[in-house]
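Structures for review follow.
Across the two complexes that follow, chain A remains constant while its partner is chain B and subsequently chain C.
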Partner chain A sequence: MTELTASPQGAATTAPDLTLDAHFPDAVQKDTRPGYSGYLVNADKLVEVATAIRDEMGYDYLSSVTGVDYMNDGKMEVVYHAYRTSGGPALALKVQTPRDNAVVPSLVSVYPGADFQEREAWDLLGIRFAGHPYLKRILMWEGFAGHPLRKDWREPYYEEDHKPFDTRWPGGDFHRSEENNPFGTNVQYPPDFSVDGWVPEAEDAIYAGAGALKESGNGHELKTDKLVVNLGPQHPSTHGVFRMVVSLNGETIDHLEPVMGYLHRNHEKIGERNTYLQNMPYTDRLDYICSMSNNHGYALAVEQLQKAKVPERAEYIRVLMVELTRICNHMWAIGFLLNDLGAFFTPALYAIKERELILDLFEATAGSRMMCNYMRFGGVYRDLPEKFKDGDTIDFLRELVNERLPRAIDDLDTYLTNNEIIRSRCIGVGVLPPDKAIAYSTAGPVLRASGVPYDVRRADPYSIYNRFDFDVAVRYNGDVYDRYLIRLDEMRQSVRICQQVVRDLPTIGGDIMSGKLQYQVRVPASEAYGRVENPKGELGYYVVSNGKANPWRYHIRAPSFINLTVLGELCKGHKVADVVGILGSIDIVLGETDR
Partner chain B sequence: MYGLGIVRGLGVTLKHFIDSYVDDFRWLGKRYTSREAFNVRQGVKGRGVFTVQYPEERLDIPERFRYIPFLLYEEGPNGEQVDRCTSCGICAKVCPPQCIWIERTNDPKTGRPIPAPKAFFIDIDICMNCGYCAEYCPFDAIKMDHDFEIASYDRTTRHIWNKDKLSKPVSYHAQIHPTDYAAEEAARAADEAKKAAKKAGAAKKAEESV
Partner chain C sequence: MSATDELLNPDFPVPDELQSNIAITTIDKIYNWSRRSSMWPMMFGLACCAIEMICTAASRYDLSRFGMEVMRPSPRQSDLMIVSGTVTKKMVPQIVRLYNQMPEPKYVLSMGACATGGGPFKEGYNVVSGVDKYVPVDVYVPGCPPTPQALLFGLIAVQKKIDQQSILTVPWYQRGPSEAIPVPILGPDIIDPRQSDVIRVQAAKLATAATAVAELSGAAEA
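Moving on, here comes the complex of A and B:
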């Protein structure tokens, strides 16, 4: 295990540079709104400031880009969260622009990882990014009317701005929402739009981007055409509905354009209609393999707003659940990577076998195997059950984390790691160098397999992770094989954490919830960015409260989505058969990608 | 040697293969009929496959398992049903997808609300089985069910459950949620004892002051 770094990332205590406004006296001011932090930057100086924080202050990693619609002030605000890959808290930059003509310079030239996120902000909020190379909608289709996350946009089944809806009680006049909408009116089109005459230009654009034909030079070569192939939306390797438009030169990939949004349900709009508590079960449905860790990130964000404390025992249980989730996820990722490489289902089923026991535990504790809805603000829903599977839960856990899981991981290692076919399919394929991994804002195993030891649990510790002894797994080649190996390493580290939790858990008593059980959660007007190291990468929740019962803004930095930014780059020059392997090694879940 | 990795890997496959038949020998044909065999197979020490031959075999449903909620009623002495629900509306307010509709009863004479629901609907297509209604109901009047086999032929008419369809006796709750039920009863008893003590104290005080 020489590839593991033993020391936690050092700079975790460095405070954000507090002199940014002094560096740029006429372009930057401190954000002084109560409950807000970071800096307000003038739009025309944004690129300059961003370059400076990247090159001079070390904020080389742009984690999240999103917008907020401050409708009442007539303003749109774009919010950037940048980090140092050496660790430490965020530097938040904000740019304001008038709502009716929202234009902000694009940061793709400084941070290529902003690409998809800016497209998303354009798509959902209608903020234009001047200088973006390909500013097209990304989650909605081109014929879509309006920008749904704007506060004055209303959906076809619109009932009210905020839940709870008044019709539910005490009137109880039951109806199905379809009944409100006679056939045909549940879709909105732009005003000058005709369905019959519509030509899908966006499709042309995708193919045009994909297929720019290269002349074959001196005319002595064999004349060939490029071939455009659609992998997906219905393709087994995409693990969901996801499309890759690939233009091929022979079998070699010239250009790959990911197309997503087939599973889009505007999670964030739903979230802004919901109360704070009501969002919790919705987060289960983001990355539906990791509902426990999704819960955790959201709970952290709202606890930041509330300034709530979490009891000791609840913290331990949270960590246990989240690390077990990580093991499930990586088992799943490895199993299905092998599926993608053509080893149909035997490895996948061996890998997800152990997951059964973990899901049984989730079911007995939280009530559901996958949609756990387990965490609450200030604690967890229930303590672990005393008895589980005809024995004490703690005995089960001891056996699981000390015997069973380590053995299963070793088995998987023996089974796959030295397999010559896997090695020849994976080694040297889809190489992502570290500088690119950072620039493209990749996160999680993808980033760490490229030699960047960045793990939020160490770089910006949350919950009680600083109490546990574990290493940040890191591998250096950045190819598909390393992205496979790093998942084995991470599972081993998770098992280590679980062992420590299970060792200590019986001695930690006390409550599992702070405060009273409350269904109406109110938080002061402020903003918070809660982030966790999800199995697939950094999952962030940017929540803005205006003091009412519903969040004003609820944004998710989805690791699956942002990790895809680099996919086209990774696939370039490889054979078409490698695309599925490369995609499998990134490990996406469409529930989270499309939100 | 080239190919050794594959051979070693196949060793793991062989181990899995053998493990999946050990149970057959160990339980000599009773593998699919004995509950004990089933539990060992599903346990943390089980070596073979976890496959459950549903519907012939079934996993035990853990007490906290949550599926579509049901409403509780107490059985009166003459078999009448007394709803526990007071139509306070908290479950309808807390429900994330807003799939609960409650019509409150009003007194026909005074027009004031009466603590009993006139109608209660849950659209089970929309219910996301989150369990909030059961968690936040202050009267233990709604609980999550264990019955997940509810497939039907028509979603537009069969999946909107009214109060009749939703109501189940308290005894059913006690049966599927023994631990929770015991805890609730204990809390109720403690509450009542406290009230009684307070009452007795008040009565005593009143007596003394007379």
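Moving on, here comes the complex of A and C:
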């Protein structure tokens, strides 16, 4: 029997000393459903309670907003997870509202970071947020029929509520989904739909929302026209299919409206049909540069539900893989930030070279370069290979983390940090002050470059991070330059962690999985919020189980998505050429933004 | 026999004094050879596969060995569209528009499972089950995502396809201008204008069925 480490996060995710229900006896009750934690808040008192927890109790960081459709009870529930930036576990607030007319007060006035998340909940679940300044669809388009994440909404290729479908397994009588659909492709229309009378939403509507075209010129001085420039969705510097509608006064940005959803591939709907284990490979495709760390977050969430233990060796391997992923990601981010600034592809080539080496290790271990699908509930799927590239794996790892990676990071530092063009393009551009960074729920390097030393690995330690000696990197100016520098710092810290893992790894033997491999994972009816410090920020998985083999609700708090909430603010007043630099310094991946 | 041997030793009699100074070949061959050796892909990434496409272009796999390193951000300057990732309903109008904007001759390579048939996300409500529902595809590369080697293999397959084409038969040298693909419309669901008739017929059927059900239940209540 191997030694087992403690469960990554305790079952109780609420601070024990806090008695919110005593503060607000009329408005707040403890959530007493078995397996649930946090507080139920009356909808009409929500803003008051939220203001109090922010101002009086120090829960200044609203991490996640999402909804759950409890169809059988006729209720919609909005779930908020708030944290203290000084560290500690979550405070979960829940607001229930009738399903037919779901309305909840908007928290944008208290936590501006709720903006996009509330729009997403409106788009996908049909929950209205009263008082939201711009409650429009965000991932789907205006005019789309229905709110897809409602449990009674069925997609065109609907077959059954839960996988594995009876027709496929054990029957094996499979068929193409197209054959069941009257339209022959992945579409469906409302019964009264007439294709001839349809008027699609005009582009003007997006532009009007962007605050453009309202006025032209300031009336007395030089007469200038406002100009609307559309960047994307097919634009080389948007890191994928992201679109920005920018209204310009001369070359200065008046307003920037992010438009997204061009890669919305229904991760959550598919995830609620899948079994728990079937979701693991899908998490790879969220932030497709960091598949290992996506796996980790999901595994943590389900392990919380299962109360599973992870063997020591598996924890070490997980940390090693996740930290190598962080180095990959930051290499990539720096390379492509430089791309955006005009140093086309040369710095990226240096960055990709190191990444390829790490990917080779991933391929040898997990079987795939990018989509590793490596972690399982209660461990990892395979041990590290004995031999790698004509030598012992451990020798390769020693050389990698002690010699090669530190050298590569120093190289980037030497070539780039004091480059005159980089300094003049980056310093003082896109400044994000710390109070705003917290208010807008930014996470990861964006938050820490603004002087907030908040890192989930230290603030709410998971896995075995409390055993390692490392510093939370922090920078204080909050501009593009600091967001570049902090990635170098974080890579150095990751290398430090990797060095400690590689030092200890040979002495730690034993299993890499606790229990036996299971295809059908069943967990008790309960909820869990598992979060990890992903390279791009806090990645959270909110999973609700009803005891069946499939999650009832499966939501992802995507750092790339929520970090974009502040983009408009960051760009205001800068020149249009700085937009790509600012966007590059936030470092988004569209797979995760749109999910 | 390699292409060079063929050029230097044609079937056609060449006078001795001109040996090694002139090459005789067909217009198709010389035309295809020049085209296949400078395919310019569009710099256009959709999802995960785009990352592998970038890796293919980087130093380790080095796309420029095949004359393809010149990725153009503008469709007007590109010959090849690598559809690298999941095609969503929200994105497909832009993809069709980009395809229409590319000058002929143009080729489409569908990279990865999603672009080929929807892949793991096929059942998604916002996912198009394969880009070939909208634009014609020349080469499909399987994989999720395909490794850079696989993408290179696919690109070589495009080159082989070009080698076999003849100016006489390719669609873009026929009489009259070639027709643009109608751009899909974002309705209650995506609307392919070419499918309007099907939608009209099937929507009417569904509406009749819905009224029948409503009448039945109304009768039952009464």
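What we mean here is this: the second predicted complex is superposed on the first by the 540 of 595 C-alpha atoms of A that agree within 3 Å, B and C clash if a C-alpha of one lies under 4 Å from a C-alpha of the other, contacts with A are read in each partner's own complex, and residues count from 1 in each chain.
Here is the rule we use: a contact is a pair of C-beta atoms (placed from the backbone, for glycine too) under 8 Å apart; a residue touches a chain by one contact, two chains touch by 3 or more.
This one's a predicted model, so the numbers in the text were calculated from it and none came from an experiment.
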After lining up the shared chain so the two structures overlap, which partner does A:Leu517 touch, if you call chain B first and chain C second: first, second, both or neither? first
First (chain B), second (chain C), both or neither: which does A:Ser194 touch? second
Answer with first, second, both or neither: which of chain B and chain C does A:Ala130 touch in the superposed model? neither
Go through the superposed model and pick first if A:Leu416 touches only chain B, second if only chain C, both, or neither. first
Who does A:Val103 touch here: chain B (first), chain C (second), both, or neither? neither
Examine A:Ala577 and indicate which partner it touches, taking first as chain B and second as chain C; both and neither are also allowed. neither
Return first, second, both or neither, reflecting whether A:Gly172 touches chain B, chain C, both chains, or no partner chain. first
Where does A:Ile427 make contact in the superposed view: on chain B (first), on chain C (second), on both, or on neither? neither
Check the residue A:Arg265 against both partner chains and state whether it touches chain B (first), chain C (second), both, or neither. second
On chain A, the footprints of chain B and chain C overlap at residues 159, 281-282, 353, 356, 371
Of all residues in chain A, those that touch chain C in their complex: 139-141, 143-145, 148, 155-157, 159, 177-178, 182-196, 198, 200-201, 233-236, 240-241, 261-266, 269-270, 273, 281-282, 285, 288-289, 345, 348-349, 352-353, 356, 369-371, 590-591
Which residues, counting only chain C, touch chain A once they are in their complex? 43-48, 50-52, 54-55, 58-60, 73, 85-86, 88, 90-91, 94, 98, 114, 118, 120-129, 133, 144-145, 147, 185-192, 195-196, 198-200, 202-203, 205-207, 209-210
Considering the complex alone, what residue numbers of chain B touch chain A? 2-6, 8-9, 11-13, 15-16, 39, 42-45, 49-50, 59, 62-66, 87, 89-90, 92-96, 98, 100-104, 113, 117-121, 123, 128-132, 135-136, 144, 156, 160
Give the list of chain A residues in touch with chain B in this complex. 159, 163-165, 167-174, 176, 274-275, 277-282, 346, 350, 353, 356-357, 360, 363-368, 371, 373, 381-382, 385, 389-390, 396, 399-400, 404, 411, 414-421, 423, 517, 519
